[in-house]
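Next come two complexes, and both contain subunit A; in the first it sits with subunit B, in the second with subunit C.
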Partner chain A sequence: MPRDLTIRVAGENGEGLLSVGVVSSQAFARMGLNVYTFNTPPAEIKGGSSMVQIRVGEGPVRSQGDALDILMAWNQENYDFHIDALRPGGILLYDPGECRPKESGSQRQYPVPLNQIIREQIKNPRPKNVLAFAVLASLAGVPRDFAETFVRQKFGKRADLLPLNLAAIQHGYEFAQAHIPANGTHLPVVPQEEGSQVLLTGNQAISLGAMASGLQFFAGYPITPASDIMEFLSHHLYKVGGVVVQAEDEIASLAAVIGASFAGRKAATATSGPGLSLMVEEMGLATMQELPLVVIDAQRGGPSTGLPTRTEQGDLDLAVYGRHGDAPRIVLAPTDVEDCFYTTMQAFNLAEKYQTPVILLSDNHLSQRSQAIPRPDPARVPVADRELTDGDRERFHRYAVTEGGVSPFAIPGVHNTPYVATGLEHNERAHIDYSPQTHEVMMRKRQNKILAAEHESGFVRRYGPAEADLGLICWGGTEGPVREAMERAEEKGLRVALLVPKMLWPLPERALTQFMGSVKKTVVVEANFSGQLANLIQSRLCRPVLRCNRYDGMPFTAGDVLSYIEGVANHD
Partner chain B sequence: MEKLARQMGLLPLREEMFAPGHNACPGCGSTIALRMVLNAVGERAICLVPASCASLYVGPGDTSAASVPVIHTLFAGCFAEAEGMARGLHLQGRDEKVVVWAGDGCCYDIALGALSGTAARGADILVVCNDNEGYQNTGGHQSTATPPDAATRTGRRSEHALTPVGRKDLVEIIAAHRVPYVATASAAFPQDLAAKMAKAAQIRGFRMIVLLTPCVTWGYDSRHSVKLARLAVETGYFPLYEVEWGRHYRVSHEPAMLPLEMFTRLQKRFHGADLDAVYREVQAKWEDLRFNAGREAAALGEGIGVPAPPLPSPTIR
Partner chain C sequence: MTDTATAVRKASDYKSENKPTWCPGCGDFGVLSALFKAFAQLDLDPKKIVIVSGIGCSGRLPEFAAGYGLHGVHGRTLPTAMGVKLANPELTVVAVGGDGDGFAIGGGHVPHAVRRNVDITYIVMDNEVYGLTKGQPSPTTPQGMAAVKRSPSMPKMAPRGVPEMPLNMLAMVLAYGGSFIARGFSSLPNQLVDILVQGIRHPGFSFVQALSPCITFYDTYDLWKGVVEQLPADWNPQDRVRAFDLALNEEKFHLGLWHRRDRPPLHEVLGAAHDVPAPERRAALERVMDAFA
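Then we have the complex of A and B:
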């Protein structure tokens, strides 16, 4: 029985290819297996080649997988493009009417005449995706009655589609059982409690996390790959009394969020790199006025319009340093789909606690992929709210200099403590004041409260032995493949440890210093060219680090990182 | 003479300025329109395209479908960039026309400020708005050109509004800048489109043409693309007219005023929508248009004793 299976289906977009991924991952998740999807849609709406990849296994599935166990190619172009990714001994399924594969000694090749079955037996092109799913499900050991029940639940409301899809299941299973020997590809069914596991994308987990934190106002502007957050919230936020506004651009989006926060409500926006750069001026205002808000940045390949449907971790510099004046803010990065939920809750909590903008850095791969995760539990992160004034008008100083730097907040029209919120420099009483003393005091106040956030617990994860030859540091969505690479390196007898800071500003310097002291060499693994976290660490800690970067728009695989680790180990 | 005839669309073109084999969706309404626009402007043009589907299918490179230089640019600054380019060309004594091909999301929403700025400065550019009534490249999100109550990825537009909202009337907004020329056109009326493009191409200063281009994300069968473009005009949903110097209105095609439902029922986005809201908007638009065009006709001594032209017909539900 395999530990896990990596399956890729490649074909023409618009033929229901993406829904093969959706249907398969939902079915596998219902079997109690762990699922991790990866897809690369083209930027066009219809047409163009695309592929979906599903890695499914009984144990933890931390990355999209390296070499493929099963490749299903719907046509010649996609066969040519993807065949090199199939591992030796892997299974190629191809449509013989569309594709002529080359002879291969080690790979097993089986023709699957999808189009012929569709044309001659089902006589309707629509269930091609379910037919493809049935063939794959049969190979992966999904019981046929399970697949049928699943299809009944999914299409039960559509009387026109249900018989077609049940026929597709029947033909798919019968064909696979008759023609494709399933040697070593069967996965087990893992019994689980109903509803204990859910299949979510990163964007859905972020949206749910935001709602669990008490989000009441969301303003956004369509941009790939963050648009799903606005879509999800416009269909659900009203259920908890919240409001979604689509603004005319990103500047207006963040401005509306600032307004809602000023009015005392939890507010957020979501965008990608080009939008975040437009928000920079508004971000300065929010920092100056000390307003809690959350900006979600699903990073994509850049600069400029760049690679809208590909991934990159290229916005760290912008998130940390994209500012006029010395305007500090908190920057967090969730690491996987489950973490998206909890880190979003933490982002709202920190925004409220420190009265500051918080930027949450996701990336295209993290925001778009689906993972089967344990049902998120909002109770794990107690919700925090901003400190409010006691309403004593005489003593009220909106920007009072306190020990922690955080001052009581007054909601206009609620507390009888009027003040002028201004983007100009102001004193403790919010009066405009350009004096050198005031600027010095207020600058220190704004900086110190953010630096204090470094001492928040739970934002650094460490894996591996207490002392190691090689220490890996990574952030955000690269945690999964790096952790998998670390585990595989350990199996090979290498001593490797991993540190994942989820808070990137303020940089957790003490944890980083301690970690770097416990390893002989440090490598920062990140999906950008310049090594933005590596630069940040070097500039703050003045310690050299090695860099492992991938910047082709594709996510790291565990194999990438493992070969780098072995290269460094062999170099010694 | 031949050049003029070519620009008027009266002679077959020697060379197609928009090559076949582009990679837009089957049934895309905008590629048909872009082909006509490029053919009408001719080879002495430079095209700016802010982020959109068009940046993929006319983007620079060996696979570009356009035979003129194309600059793929950003939303917020594209019109100002075009103005800078026009000024740069003038400084060199060059006469290439600067054409911006921008979507409704760009013109109606994110870059409306820059559009207004360049119009007010009288920039020597020709803006063609590829209005498919939404952000279709991101998957079908609403813009302020989306009709009231049409379904989008974020639900119906009316669900998010506290007060009733219709389509933003961009032509009137630009006309209020008193620019030399602003017009609407449709690829289903190629002679009208070519005549307006030829007219706009002769004028110096700020010119704009708003094209209604059906997009497959409206939820129609690919083969209905041109039919929908025609029905949009013939039902009165999208009037074909032009405005010179912000005051001189002319309706360039008298629609048959077919029932609005003939246009809406072919599109999934209107299924279950409140069509009365759409109808009221169309009717109000025609009342204004008749008034403005009538003033022009009266000034010219026309239209006296002629019965009033028809207003849109009610829906046939």
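Then we have the complex of A and C:
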């Protein structure tokens, strides 16, 4: 029985290819298995090569997988493009009407006439996705009655589609059982309590985390790969007393969020790099007015329009330093789909606690992939709310200088303590004041309260031995493959440790210093060219680090990182 | 209850402790005092008023009023005000700004605030010039105007005259589908008070062009006193076609309520933020998550 299976289906976009991934991963998740998907749709809606990859297994699945165990190619172009990713001994499934594979001694090849079955037996092109799923499910050991029950649940409401999809299940299973030997491909069914596991994308987990945090106002502008946060919330946010506006641009989105936060609501927007660039001025205003809000940035390949449907960790510099004037803010990065839920809750909590904008850095791969995760438990992160004034007009100073730098907040319509939040420099009473003393005091207040956030606990994760030859540091969605590489390196006898800061600003300097002192060499692994976290660490801690970067728009694989680790180890 | 409890508020109750920083003689004084009188007529509780502004001389207005204020960045008053209103529809939200803030840098937001029919009152204090930055031409400066200068001997900009034609903001807002469109003049305060009272009462986006001369960089007091004129006596604010015809062809500044029609405001169509007890929110969240199990 395999530890896990990495399956890729490649075909023409618009043929239901993406839904093969959706249906398969949902069925696998229902089996109690861990699922991790990876899609690379083209930026166009129809046409263009596309692929979905599913890695599924009984144990932890931390990355999309390296070499494929099973490749299903729907046509020649996709066979040509993807065949080199299939491991020796792997299984190629190809549509013989569309594709002629080269002979291979090391791979097993089986024709699966998807289009012929669709044409001659099902007589309708729609369930091609379910047919492909059935073949794969049969190979992976999904019991047929389980697959049928799943399809009934999923398509039961569509009387026109259900018989077609049940026929696709029947033909897919019958064909696979008759023609494809399933040696070593069957995965177990893992009994689980119903509803204890959910299959979510990163964007869905972020949206749910935001709802759990008390989000009540969201404004956004469509942009790949962040749009589905706005779409999700437009369907659900009203259920918790919230409202969603699709604004006319990203500037308007953040302006509206600022208005809503000023009026006392928890508010957020979501965007990607080009939109975040447009929001920079309004973020400075929120820092100046000390307004809690959350900006979610699902990073994509840049610069400019760049690679809308590919991944990159290229916005860290912008998130940390993108500002006019010294405008500090908090920057967080969730590491996997489950963490998207909890770190989003923490982002709202920190925004409220420190009355500041918080940027949450996701990336295309993290936002778009699905993972089967334990059902999120909102009670794990107690919800924080901004400190409010007691309403005493005489004592109320909106920007009172306090020990922690945070001042009680007044809400229009609630507190009888009107004030004007301004982007001009102001004194404790919120009055415009350009005096050198005031600017100095207020600058310190705004800076110190953010720096104090470094002492928040729970934003650094350490894995591996207490002392190691090699110390890896990574952030955000890169954690999974790096952790997997570390585990594989340990199996090979290498002493490797890993530190993952989830808070990137303020930089957890003490934790980083301590970690770097416990390892002989430090490598920062990140999906960008310039090594933005490495630069941040070097500039703040004045200590050299090695860099492992991938910047082709694709997420790291564990294999990438492992080869790097081995290269450094062999160099010694 | 005593008499004092039923006494309505006075205009002076809406004054803040901050004295206006405008040049003596600025038209904005007239707009500010008309706004205070309108608030008093409506007997609004200052804690339920939010005045939103951007950058420019007129953007300083919230600091001179006693309610809540949000003095933001240049050109983004309308989406900001929308956020305030959708966060709490009980609030009276007034957006104020100049012709540059509203129709140059912020021009892209006007059609969307109008088509959403956000329930706010938007006062454009139009002086046909950039005052705070000292005399550059604005989107409403007349074409060819070279008088935008510190003094006749020192042109600040447009040495050969302003090259662009001015925007026609009334015609624009009419075309966008505005539900309340009016024009007043800072030197005719009674009418402006009346317009503002109606505008604040109007459930939807109320657009008020307040002619408000800049005494320092483009003094139009005498010019405008000569060209303002009341809308005709038989004017029907429901007649959008006639309003559009006049807006495109007027040679004078017609004052009054140009156009009004009923359209539900955004917060009624879309909904607004409202309090939901925590257990209900939690239950709703769990139901959403059930769909992903």
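Convention: the second predicted complex is superposed on the first by the 572 of 572 C-alpha atoms of A that agree within 3 Å, B and C clash if a C-alpha of one lies under 4 Å from a C-alpha of the other, contacts with A are read in each partner's own complex, and residues count from 1 in each chain.
Everything below uses one rule, namely that a residue touches a chain if its C-beta (ideal position, glycine included) is under 8 Å from a C-beta of that chain, and two chains touch if they have at least 3 such contacts.
Predicted model, so just to flag it, every value in this text is computed and none were measured.
Visitor: Looking at A:V525, would you say it contacts subunit B, subunit C, both, or neither? Reply first, second, both or neither.
Guide: A:V525 sits against neither subunit B nor subunit C.
Visitor: Of the two partner chains, subunit B (first) and subunit C (second), which one does A:L332 touch, if any: first, second, both, or neither?
Guide: neither
Visitor: Which partner chains sit in contact with A:Q216 here, subunit B, subunit C, both or neither? Use first/second/both/neither.
Guide: The answer is second: A:Q216 touches subunit C but not subunit B.
Visitor: Have a look at where A:L285 lands relative to subunit B and subunit C in the superposition and call it first, second, both or neither.
Guide: second
Visitor: For A:Y419 in the superposed arrangement: first (subunit B), second (subunit C), both or neither?
Guide: Only subunit C is touched by A:Y419; subunit B is not.
Visitor: Touch check for A:P376: first (subunit B), second (subunit C), both, or neither?
Guide: A:P376: touches subunit C, not subunit B.
Visitor: More residues of subunit A are touched by which partner: subunit B or subunit C?
Guide: Result: the larger residue contact count on subunit A belongs to C.
Visitor: Is A:M72 in contact with subunit B, with subunit C, with both, or with neither (first, second, both, neither)?
Guide: Once the two structures are laid over each other on A, A:M72 reaches no partner at all.
Visitor: Quick one: is A:D249 in contact with subunit B, with subunit C, with both, or with neither? Answer first, second, both or neither.
Guide: both
Visitor: With both complexes superposed on chain A, which partner does A:L208 reach: first (subunit B), second (subunit C), both or neither?
Guide: Second partner only, subunit C.
Visitor: On subunit A, what residues does subunit B touch that subunit C touches as well?
Guide: Overlap of subunit B and subunit C footprints on subunit A: residues 245, 248-249.
Visitor: Inside the complex, what are the residues of subunit B that reach subunit A?
Guide: Those in contact with subunit A are residues 23-26, 51, 53, 55-56, 72, 74-76, 105, 108-110, 112, 135-139, 141-142, 144, 153-155, 159-160, 216-217.
Visitor: Tell me, which parts of subunit C touch subunit A in their complex?
Guide: For subunit C paired with subunit A, touching residues are 18, 46-50, 52, 62-63, 66-73, 76, 78-88, 90-91, 108-109, 112, 270-276, 281-282, 284-285, 287-290, 292-293.
Visitor: Would you pull the subunit A residues touching subunit B in the complex into a rising list?
Guide: Listed in rising order, the residues are 43-48, 221-224, 227, 230-231, 234-235, 244-246, 248-249, 274, 278, 304-305.
Visitor: State the interface residues of subunit A toward subunit C in the complex, per the touch definition above.
Guide: 194-200, 204, 208, 211-212, 214, 216-217, 219, 236, 238-243, 245, 247-249, 251-253, 255-265, 267, 281-282, 284-285, 289, 375-376, 378, 410, 412-424, 431-432
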